[in-house]
Amino acid sequence: MSTTLTLKTAAQLRATYLRGEMLPSIFCDGCGLGNVLNYTLWALEQLGTDLDRTVFVSGIGCSSRLSGYVNADGMHTTHGRALSFASGIKAANPDLTVIVFTGDGDGVGIGGNHFLHAIRRNMDLTVILVNNFTYGMTGGQAAPTTPVGSFSTTTPYGNIEHPLDICELAKAIGAPYIARWPVSYPYQPIKSIAQGISKRGFSLIEMLVPCHTAYGRRNGLKDLEVIWQWYRDHVVLLDDYDHITQFGSPEEQAALREKIKIGVFQDVERECFDERWAALVERVKL
Amino acid sequence: MSTTLTLKTAAQLRATYLRGEMLPSIFCDGCGLGNVLNYTLWALEQLGTDLDRTVFVSGIGCSSRLSGYVNADGMHTTHGRALSFASGIKAANPDLTVIVFTGDGDGVGIGGNHFLHAIRRNMDLTVILVNNFTYGMTGGQAAPTTPVGSFSTTTPYGNIEHPLDICELAKAIGAPYIARWPVSYPYQPIKSIAQGISKRGFSLIEMLVPCHTAYGRRNGLKDLEVIWQWYRDHVVLLDDYDHITQFGSPEEQAALREKIKIGVFQDVERECFDERWAALVERVKL
Amino acid sequence: MHTILIDERWCKGCKLCAVNCPPKALHMAERFTKRGIHPPELALNGRCNGCRLCELLCPDFAITVTEEAGVHL
Amino acid sequence: MHTILIDERWCKGCKLCAVNCPPKALHMAERFTKRGIHPPELALNGRCNGCRLCELLCPDFAITVTEEAGVHL
Amino acid sequence: MSTYRERIRQALGGKVQFVQGDDACAYGAILAGCTFFAGYPITPATEVAERMSEILPLLGGCYIQMEDEIASLGAIIGASWTGAKVMTATSGPGFSLMQENLGYGIMTETPCVIINVQRSGPSTGQPTLAAYGDMMQARWGTHGDHEIIMLCPSNVQEALDLTIVAFNLAERYRTPVLLFIDGELGHMRERLVIPEDGEFELVDRVRAERRAGYKPFEAGESLVPAFAPFGSGYRTYVTGLTHNEQGLPRTSSAPIHDQLVRRLSDKITTHSDDIVRYEAYHTDDCEIAIVAYGLTARTCRDVVDEGRRRGIKVGMLRLITIWPFPETLVADLAKRVDAMLVPEMNLGQIVHPIREAVEGRCRVKLLAKIGGDLHSPHELLEALEELRCQPR
Amino acid sequence: MSTYRERIRQALGGKVQFVQGDDACAYGAILAGCTFFAGYPITPATEVAERMSEILPLLGGCYIQMEDEIASLGAIIGASWTGAKVMTATSGPGFSLMQENLGYGIMTETPCVIINVQRSGPSTGQPTLAAYGDMMQARWGTHGDHEIIMLCPSNVQEALDLTIVAFNLAERYRTPVLLFIDGELGHMRERLVIPEDGEFELVDRVRAERRAGYKPFEAGESLVPAFAPFGSGYRTYVTGLTHNEQGLPRTSSAPIHDQLVRRLSDKITTHSDDIVRYEAYHTDDCEIAIVAYGLTARTCRDVVDEGRRRGIKVGMLRLITIWPFPETLVADLAKRVDAMLVPEMNLGQIVHPIREAVEGRCRVKLLAKIGGDLHSPHELLEALEELRCQPR
Amino acid sequence: MRQEIRICGFGGQGVITGAVILGKAAAVYDGKIACQTQSYGPEARGGAASAMVVIADGPIGYPGVHAADVLVAMSQEAFTRYAREVKPECIIIVDPDTVFSWDIPHIVHPVRSTKIAEELGNIVVANIVMLGALTALSKVVSREAILAATLASVPARFKELNRSALEAGLEAGTGQAA
Amino acid sequence: MRQEIRICGFGGQGVITGAVILGKAAAVYDGKIACQTQSYGPEARGGAASAMVVIADGPIGYPGVHAADVLVAMSQEAFTRYAREVKPECIIIVDPDTVFSWDIPHIVHPVRSTKIAEELGNIVVANIVMLGALTALSKVVSREAILAATLASVPARFKELNRSALEAGLEAGTGQAA
């Protein structure tokens, strides 16, 4: 898999993959959701995915609006339920490539149980989960990912709940492909999304996306440059993390605590639901 | 904490803790749910818990019926939702001891998302989750814990879905106390339940309970003696597991793969929701 | 000397007490209870060592170990 | 020599392109677009090296790097 | 190699069987061409899922047990968009959980069948006992304006036959269709004759014919848009938001919302002649009409016979289609009779649209019964006698 | 140290404010003594939660944001059993998800208040636009037989006042009470005067008085059992299954079920005089009555005035309590008028119980409007004129 | 002609299976109309269970038992409860090991089904013994039909056991009928 | 007397905040009855936004704007859409930097609110500038009330900025009124 992006120009990419009539997007100026979409399209382009055989499924939220911009079959479902609809699509027609766009609230807030069981069953879905630490679409309430102490419209005195580490959760349940990238890294997410789509089984790509409007505004990160910088300052590559844990100075180690690990968390093979179902049918069918 | 059980006779225990009018239980003859109840009562007895200040909450299922037998405040809620009701009770009145009885289906099947978030928030609840590999009350359908290949009324050709390791899941989300015991071990669960109740924060005690009627019947384990033996043969203590992994022969190691780990998985301190909420209120209240 | 009491309203005749009694002091009676099951009874007086495992393992709170003479509730 | 095209219907004036352009080839124009924002424009012709990072980082698919002469869509 | 229809018959077993209402629903689904079932166990509907889990793998279909009822309905809606005929089955508590996705199914015009084997509510109530307490919920359970189709069989054979009809209506009108039975009928075993192909109609949703200019939610005179399954290259976007004919969200346009939601409603109400099924038993000359449905109607039939024997001019209108409610049918009957007796296994639900349709033209007497027992012939006769004695 | 009531006033701020309908609901709750709120964000109801999250910590209460609406209702029901006054707020999709636990709240006689700030459905529909599409869902959304109490304010001040009433009714009848507004009123700002203590009633659920012989679900003449909170030593078992007066499951007894479910229903219907609130505006001598509720009723008031100016004998019955439906009130009015005009921001919902109550005694004309816009005075007047010209 | 049969006892004794086989015999093998229903509490396993079969020549309206033509009782509790709802000419069959007293003005046929089944090697076929007795005593279904229905309802490896149980029951019943 | 005011523009320009402050001025500080509503699409941030205030002496029935007495437009799109729904004597205020053409038979008062705000150091107070102009031109609220409402609605550290913006607007409006 190469990361050369010279095959097509951005204009060609747009013409091929976007529903022009849906643009401009409904997103705030500078919202990284557009980047996530952009990276996804480049990944599809790299793989040469057949858009006629690809379905984009999403729940409800800013991030869940992404499905609407791709010029392919798409399903914008109910809040939190994208993975159940996607599971139905995939189980009913395993030949389709099913890609899910979801948010932290949609995917692991209200939708956490479907996340858990879709991974447990190892449904062959590629889930691009946008974590922006908040419920963006409803204006910035606390989400299960909101850092402790952060302000939101429902935590006016600072959040007291522990945030969830989505990738660690997915790992504990056994997802075969897991990666996390901030939106400021363009090339790695493209590669991970492409790897995720290629993987048979559940793939999770968690994208850290700054929501300057709903989250940043209340946490001194309203300015786009400032919030992009925050993400640069608060991530650490998995390898670096391990390296510092082993060899770092006490200060370096202390600094780690504030940081979010990024990179590829998991990349293994594990038989997926539709493979096993096909084998069962093969065994019993009349 | 001692495990001497001589303080009271079984007759006294019954008189103190049980709602006589609810017995005999609705459980099948020999169902280990009764044992779970028995162990719980002994743990309460050991701790000297004030029954007037203790609430037993449950969802729906055979295991969720346990709350009804204890002569205390109790709430038998809707299927899968016990933890949300329990969270409300605890958050509204942190002085109450809240103990939840749930099943594998109730607790992590339909109820998985409440499990996830109650742990994330670290609600101070003691959750006694009965894992019997099946939906017992509805007659033995596959559950998220049903082993691969097992037969159930909805997997007539053998289950193809990966079962969930509930304790590992709880650990990944950060529950401060986690233990798993088979029902055939009486003393350890009593101790773990008592430890769980004493712990500030979310405690999970997963009880492996044979359901010979709904699960065993379809898997050659209908006979009580046989199914009890199955459990004896298929568990391994955490320490033994680690020991064998390190020092065991290839055969011993291979045998491990068929075994379920039991023991105390986690025992740490972590600030719980009501402590943090109290601190917040202290900070801002008029 | 220990003896056991069975609450026949609650006992379901599951045999767990008998199976798990370390000195095998219990066996299942021939007779039926009102619930239509065979209840456990002491096999030989004196074998029971009062360990109370049967109490702990009875899922139905139906058995009590006592040092007094047995009565059926 | 590269130039950039801006789709003014889509550009939201967020500045991400300008901020992240490695040679700082872009700046925001004084003028307003119909959407009421300041669009980016090439600061000095020739500085742009055609790296396309702006394309990749524009969240609104509004910028295109080309070797042809610029036209506003 | 045998054809798919032949394999269906092989999978279903003997032509004459002695099976439960739940089984009959599963058989009906298979005969209708259902290839996808997602569900979650619940008494007394579990047997529908159990049968599907047995049969579907034999036919290469897919059975999936989801983590709850919300996901079950979600999964079948997703599967339906691949072109499959799909079903789920549940009971009250699960049906309550399905309400949000039911609205989604309606808004997105997704053919699917939902079986509700009713038990006695509210809440967990009496899980093993029969009731018809969800009749109004069927119509009004999800938020927002909508119409719904609901059928209500009275015996095991009809459970099979009407399940086929439910699939046909779902396909024809591209909408979720409900089939409601009750715990008693669901677990009741009766003689069931599996019909031969050709003895029943089989409808498939109208497919889109060409990509050029195709608008996935543009409907012609039928008010039902043509369908293009996912993966067929039509690139359809499906959303529960208010959308234009292209399927794209238009959430702040009143006219688009009005047009869409009225069409969804009209496509059902304007076709009520096709959808409404009923049985009129001695209603030609009756003075008292029993208006009944479901299990109760069985007993009512006996009671009409006995009533006639006793000289009461009684007849029965058995509603088979409950929703859309056959308003004119009931209104017309009201003009001809002195009184209607409405026995319901609830505290009075379908009596509301009945009263609304009657508009005071005849007396309407509700005979409500809850707790799990069926109306006995005796109490129905007593009510009849009483009605006869109270002249208008 | 100031008293709790004093601190409430401090937390609420100035006596005269310019705030949203959502804010007013939150203020009303706080004034009513609500100390526990659990919710999940949803447009256009989120502001209720936001206000509660601001105010409750100041007063030592508890705000908890749950993982979904199911859990939110679960949490407040649990909290209510500790003796707290509790509330949640949502909109259509969330209200659909709450249906199962709503039935549980009814069955377990748990006082709680649910605010539904209605948006335009079905499904996600038009999230930011107003509608009254969940009016019938309120009554019939959960499975099984039950009654419900629902109130419907018309302006911001009334949103506050009726939220207090909602709490009082919840406490008095030990049942979930619904307060329905719409996205427009929820986000509309108006002058709000915060009433002084003493200017409004405050009801607390009747407490159990002695442990001996206490049966948690035994009700006297009021049909409402006395309450003993968790932790008070009464050792109450609460179940959604059919239960006896002791609270213990009795799932196969028809008489116990019948007695329980009828009592739950009767405790509301027999007290409808206490529960039903309405406003009659020029109905004494009117020939045409507008029957309206919620936001629409504001415009109707203008229209009645204008209609009278034009010589139409028009009046308005504004329903404030929608459920239990004031059947006699409407039936009596029907006897006195030629026609009723029912403007609804849905495809016709409350017109059903109206028609049922009217029993053909006068003409009933529905003026349905969906898509987010309010009825304009002009179209209401047109409808009036039309009604006037069509004699019976 | 409408005939109402009730088989009752504890949950777990197979009373429902018994009724299902009886109904199947009538509906599938005797070509009659039949309808089988049941009632049980949450204590399905251990509590009282009752299964009903209505057999008729035409459509069956009310599916329940008004007053039984045949009653098979396998527990005291069930007997006490259901012996009231029988026709005067009702054929009543009980297992005297589980029904101890039957003080009613009907002829009661004691059939030691549990014991017979135990002797045949498996207590679970007590219900089949009762079916045999019922067929012999009441003739609601034909012997051929009940045999066919029984064999069609059990796994291959239990066919012989069930055939023996049925025959033992038929014999016990025939003896009683005499 | 019923007066209808509409403030419209892009999402993000603070048109709703402006209307809220106006309503508050009328309702809380001028002691009138006021009702404020708004409409916006899903594209709240960037799309068209419109906020309405109705001010009256008695209860307000229909809460929307039939025909505006005052229209403040801060974007061309909004102007084009809403300039139709005004009274003949409507006072219309636009920002000429964002509304380019206003070919209607009304007197249109151009107020460069964005530019004035930029000059004051923060573009976000353009709405407050408009409030000042509106107050000067229309007198729907008193100067005291609008000042009090503005100051009550912003955090302490922005009070001075907002006061300046309001005054600049009042000045611009007063100039126009001349």
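Should a chain be cited, it is by its letter among A, B, C, D, E, F, G and H, assigned in written order, with residues numbered from 1 in that chain.
Going forward, a residue touches a chain if its C-beta (ideal position, glycine included) is under 8 Å from a C-beta of that chain, and two chains touch if they have at least 3 such contacts.
Worth saying up front: this structure is predicted, and the values here are computed from it rather than measured.
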item: Joint neighbours of chain H and chain C, given as chain labels; value: none
item: Required minimum of steps from chain D to chain H, each step between chains that touch; value: 1
item: Dominant interface by contact count, named by its two chains; value: E-F
item: Separation of mean Cα positions, chain E and chain A [Å, integer]; value: 39
item: Averaged-CA centre spacing for the pair chain C and chain B, given as whole angstrom; value: 27
item: Separation of chain A from chain G, taking each centre as the mean of its C-alpha atoms, in whole Å; value: 61
item: Shared-contact residues (touching 2 or more other chains) in chain D; value: 12, 35
item: Chain A: positions in contact with at least two other chains; value: 24, 27-29, 78, 110, 112-113, 116-117, 144, 157, 273, 277, 280, 284
item: Touching two or more other chains - residues of chain H; value: 40-42, 46
item: Complex contact set, residues of chain A against chain D; value: 5, 9-11, 14, 18, 23-25, 27-35, 37-39, 42, 186, 224-225, 228
item: Complex contacts: residues of chain E adjacent to chain A; value: 2, 7, 10-11, 35-36, 38, 57-60, 62, 64, 66-68, 70-72, 74-84, 86, 100-101, 104, 230-241, 246, 248-249
item: Residue numbers on chain B that touch chain F, as the complex places them; value: 19, 21-22, 51-53, 55, 57, 67-68, 71-78, 81, 83-89, 91-93, 95-96, 113-114, 116-117, 273, 277, 280-281, 284-286
item: Contacting residues of chain E [partner chain B, same complex]; value: 40-43, 46, 49-50, 53-54, 57, 63, 65, 67-68, 93, 123-124
item: In the complex with chain E, residue positions of chain F that touch it; value: 70, 92-93, 95-97, 99-100, 103-104, 106-108, 118, 120-129, 131, 133-134, 136-137, 139-146, 239-242, 251-258, 261-262, 264-265, 346-347, 349, 352-353, 355-356, 358-361, 370-373
